[in-house]
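Below, each structure is written out as structure tokens.
Presented sequentially are two complexes of chain A, the first with chain B as partner and the second with chain C.
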Partner chain A sequence: MKHSYLTAIILLGVILVIGIGSQMLGIRLYDRIATNLMISLVLVVGLQTFMGNSGLLSFAHIGFMGLGAYTSAVLTIPAQMKSMALPDLYGFMKVVEISPLFAMIAAGLVAALVAAVVAYPLMRLSDAAAVITSFALLVVLYTIMNNWSAFTNGPRTLFGLPKTTDMPIAAVLAAVVVVVALAFKESRTGTLLRASREDEVAAAALGTNIPHLRWRAFILAAFIAGIGGALWGHFITSFAPKAFYLKETFLIITMLVIGGANTVTGAVAGTILVTVAYEGLRGTEGALNATSFGAGQVIGLTEIVLALAMIAVMILKPGGIFPNREIGHILIRARRKKEIVAQ
Partner chain B sequence: MGFAIQFVIDVLSLGGAYALMALGLVIIYGILRLVNFAYGELIMVAGYTMYLTSGSGLPWIMMAVFAVVMAVAFGIFTDYAAFRPVRAKSVTAVLITSFAFSNLLQNAALLFISPRPRNVPLPEIFSQTVSIGGAITPVRNLITIAASIVLLAAVAFLMRKTTLGIAMRAAATNFTMARMLGVPANLIISSAFALSGFLAGVVGILWIGRIGTVVPGIGLEPLLVAFIATVIGGMRSLSGAVFGGFLLALIDTTLNYTLSQDLLKFRDAFTFGLVILILLWRPEGLIRGPASGQRT
Partner chain C sequence: MSETRLVVNDVSVEFTGLRALDQVSLFVATGEIVGLIGPNGSGKTTLINAITGQVKLATGQITLGDTTLSGLSPREIALRGVSRSFQIARLFNTMTVMENVEVAALAKGASRAVASQSAKMLLGELGLTVKADELGESLSYGDKRRVEIARALAAEPRFLLLDEPAAGMNDAETETLLHILAELPKKSGLGLLIIDHDMGLIMRLCSRLHVLASGHTIAEGDAAHVRSHPAVIEAYLGKGAVNA
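And now, the complex of A and B:
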């Protein structure tokens, strides 16, 4: 247990340093990048609670983020703007306007509720079938967001969300999510789930109800994703359904996998690393676009580099940078080893 | 009567295409337990090959053959680039590399060709229609049906009667045992990828024949179709994949005819709802394959 506390302290310290550092520099661009990083942390660590403990790859995470973002949007867009932003909204919803904090909780609850209903049958599946159905679930969520015009303004951009997310709020939430993920990992559910990840048959033989455990983890992940979606929505203030699709899914999976899906430390490290790389590449792409004379837009370069990086990590270090042990655990072991050597 | 014929032709032509897509996916999965996310990109490769060769003045059939050859080449390339290096590692690692490889190919198409749709040359016959028993139907539907019958029969023959096919099925049932008995693993795996690429290439031409253009994201819908069909049919059974493809086509076509315009937009959601119900009833899929062996 001791190393979990140490891990929590170190990870929170990292978040704090990034948060304060970005504020001290006082450059708006860094502030934006840091906020994005914190929101990504919420999403990636949220995904880790399911994927890391159950060992199942889930593609639907971004779909739940979308649900959260739209829920919060519908609840917080000021009443006088709603007739413009969401012209087809049902009458009784038009007058609803609650504070973004409650809307964020509602967003998490809606995502968790949908996840609870949809995922119950899916958690019985293992391996490939589970992955495929989660992928199909992402497509279904996207289809719904893209077409349910009354709530989402269809494929068009939805605007008018109050801008309430700033760096400190995002950082606080990221810190809370990191603690929740660590606590969940050490909880009874998390431990049993990790046992089932290592050996499904042995865990089942010990009497664990694997589908039920997975279901719980999936709901928790969806809840965090919903909150992350609301957080992002109030940061970006206008978005369209295509923001919650394959490109973003690819990005958060890259972050988690490069860092190491099995550990919270890995999720945090991967998010920071990929965010830095992503912003750097985006900058390069922008610079290339600015200099090329009518040679066409450079797009997709960032994704190509990230995909290559992901394949390289999978070949060289399939578990990611932190494959098994949290940072606290690694440090304590290192110190103990040193003590033994000293004796 | 006309309506019934129309319906049957629609189901069969869509089902034929779906069945071929699912088959291409399940051949890889059966042997390697790899869900090949880059499968849809093989269809994209076939489409872009057609687009790039359209100025060459070759007869259409040559372009089509070349497109299929390219799809086969990229299928084998998938094996070498994304699969072979991580074969011995976890299932998740393999999944992720294939997902990354799919993204790589798609973004390469974005970067080097264009994000905008590109026209693909199609012969006259693809846009003609014929009347059968009072039902007017595009000739391309009949071509799809014919092609799927021929290919399904050919794959069935390959899998049952030839040494290669029997070795592939043996590898699918118990890979380690097959290797012990002298089945060359790499050859079998590469053949599976080649066969998968071949099916993707043919389906790609038939699929693009419906739309007429190719975009970087064109592979997504066929990929999803193949996914759902294989999950319904049973992930480890070739006949299950074919059955799943036709069943999915039946569901889709029925929904096409019965849903109102407003609800039709949500067709994918309805289809998936049905898939969940089927999985509740039979988590293994409708047709059970051979017991799964370990892959390495």
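And now, the complex of A and C:
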């Protein structure tokens, strides 16, 4: 328990330093990158609550992010703009306009509710079957977002969300999600779920109800994804369903897997590392394209390098940078060992 | 505490044409230690798997007191008070030893505080306190087995089924284990069913033995009776050994 507090303090410290650092530099580009980083933290740490503890890879997370973003959009776009932004919206919804804070909570609840209904039968599946069905779920959610024009404006861009997300708000939410993830991991549900991740047969022989535990974690992850979606929606202010599909799914899974899915520390480290690499590579790509050297344009450098980095990490360190222990646990153990040696 | 019995009645188990167990009957009462022995492939582990619901029965039934266990899932059987260890230790590898043991108490519904307290106590009893913070995967064979036993006990079972608990232990460790196991029925009224190939351990520990060969019961009774039983000698040493 003690090491969980230390882990929380360190991870929150990192978020604080990045937040304050980006503000002090006062460069708008850095402010945007830092805000994106905080939003990614919400999503990746949210994914960790399910994937890390259950050991099941979930592709559906970004789909729930999309649900959250659209829910918040429908609830917050000003009434006079709605006839333009969402011309087909049902009549009674046209007058609804609530504060972004409540809309964000609603976004989380809608995502959690949908997750609770669709995931209940799915949580009996393990291994490859669980991964494939989560992918199918992403496809279903994406198709619905693309076609339920009344709510989403179809495949076209939806605009008009009030810009209420800034760096400090995103940082505060990221910090809250980190604490929730750490608490969930150490909770009774989290501990039993981790046992089932390690050995399903042995966990069942002790009397754990594995599908039910997974279901709870899946709902929590979807709730956080919904919140993350609303947060992102009010930062970017206009988006289309294609924002919630394969590219983003791959990105957050890369972040989590490189950092280490089993730990919250890993989720945070992976998000920071991949964000920095991503922005660096994008800058390089842009700089290369701006020069007159070479024959053509450099396209896809960012994606290819990230994919190679993922492969390299899987080969060299299959569990990610922080495979088993949280940072607080590592530090306390190291100190204890030093004390033993000193004696 | 009144005596309860875990009863295996006429149980058969089939794996695609192969009869792994053929009409086996035995019982374990609370407060006693029963040894389950027999050559490799005789169906010992299959019998434990049948009791804990990991394999389906072809015939027969299993009861604990008035409750029928056969047909229930492993989870439901565990919650009714039957714990087990596995022939090849199945620890939760990337969790600490402490967490490994806590899980068992949590699964039974204990609070976090109670689970942590009983885990600490059991680790102490089994001499694992110094390992509490190590990961399951980093332990030696002998330590893994002891963690598995601590974990099974943390569930506070009425019946404990141990599949080769002494495998991979050295003599000193086996001796310690023997004392711990011998105390269990007296202390908590637990019923114990033990599979092991260490005949010394089995003979000293068990009040009754049950011998399987090729899925059949070939002998049962106390140690002296079983040891001199012709069918047992034949099963272990081959035909001809009986008269030698």
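The working rule: the second predicted complex is superposed on the first by the 337 of 343 C-alpha atoms of A that agree within 3 Å, B and C clash if a C-alpha of one lies under 4 Å from a C-alpha of the other, contacts with A are read in each partner's own complex, and residues count from 1 in each chain.
The rule is simple: contacts are C-beta pairs under 8 Å (C-beta built on N, C-alpha and C of every residue); 3 or more make two chains touch, one makes a residue touch a chain.
A quick note: this is a predicted structure, and the numbers were derived from the prediction, not measured.
Asker: By the touch definition at the top of the document, which applies to A:58: first (chain B), second (chain C), both, or neither?
Answerer: After superposition on chain A, A:58 lies in contact with neither partner.
Asker: In the superposed arrangement, does A:48 touch chain B (first), chain C (second), both or neither?
Answerer: neither
Asker: Which partner does A:304 reach: the first (chain B), the second (chain C), both, or neither?
Answerer: first
Asker: Does the superposition put A:195 against chain B (first), chain C (second), both, or neither?
Answerer: Second partner only, chain C.
Asker: Pick one for A:36: touches chain B only (first), chain C only (second), both, or neither.
Answerer: A:36: touches no partner chain.
Asker: Which of the two partners, first being chain B and second being chain C, lies in contact with A:250: first, second, both, or neither?
Answerer: First partner only.
Asker: Does chain A have more residues touched by chain B or by chain C?
Answerer: Per-residue touch count on chain A favours B.
Asker: Which stretch or stretches of chain B touch chain A in the complex?
Answerer: My answer: residues 29, 33, 35, 81-82, 85-86, 89-93, 95-97, 99-101, 103-104, 106-111, 114-115, 220, 224, 227-228, 230-231, 235, 265-266, 268-269, 272, 275-276, 279-280, 283, 285.
Asker: Provide the residue numbers of chain A that touch chain B in the complex, in ascending order.
Answerer: Chain A residues touching chain B: 55, 57, 118, 121-122, 124-125, 127-129, 131-133, 135-137, 139-140, 143-144, 146-147, 246, 250, 253-254, 257, 261, 296, 298-301, 303-304, 306-308, 310-311, 314-315, 318.
Asker: Taking the complex as given, what residues does chain A use to touch chain C?
Answerer: Touch list, chain A to chain C: 187-188, 191-192, 194-195, 198-199, 201-209, 262, 319, 323-324, 333.
Asker: Please give the residue numbers of chain C that touch chain A in the complex, ascending.
Answerer: 52, 54, 73-76, 78-79, 83-84, 86, 90-95, 99-100, 102-104, 106-108, 112, 133, 135-136, 151, 155
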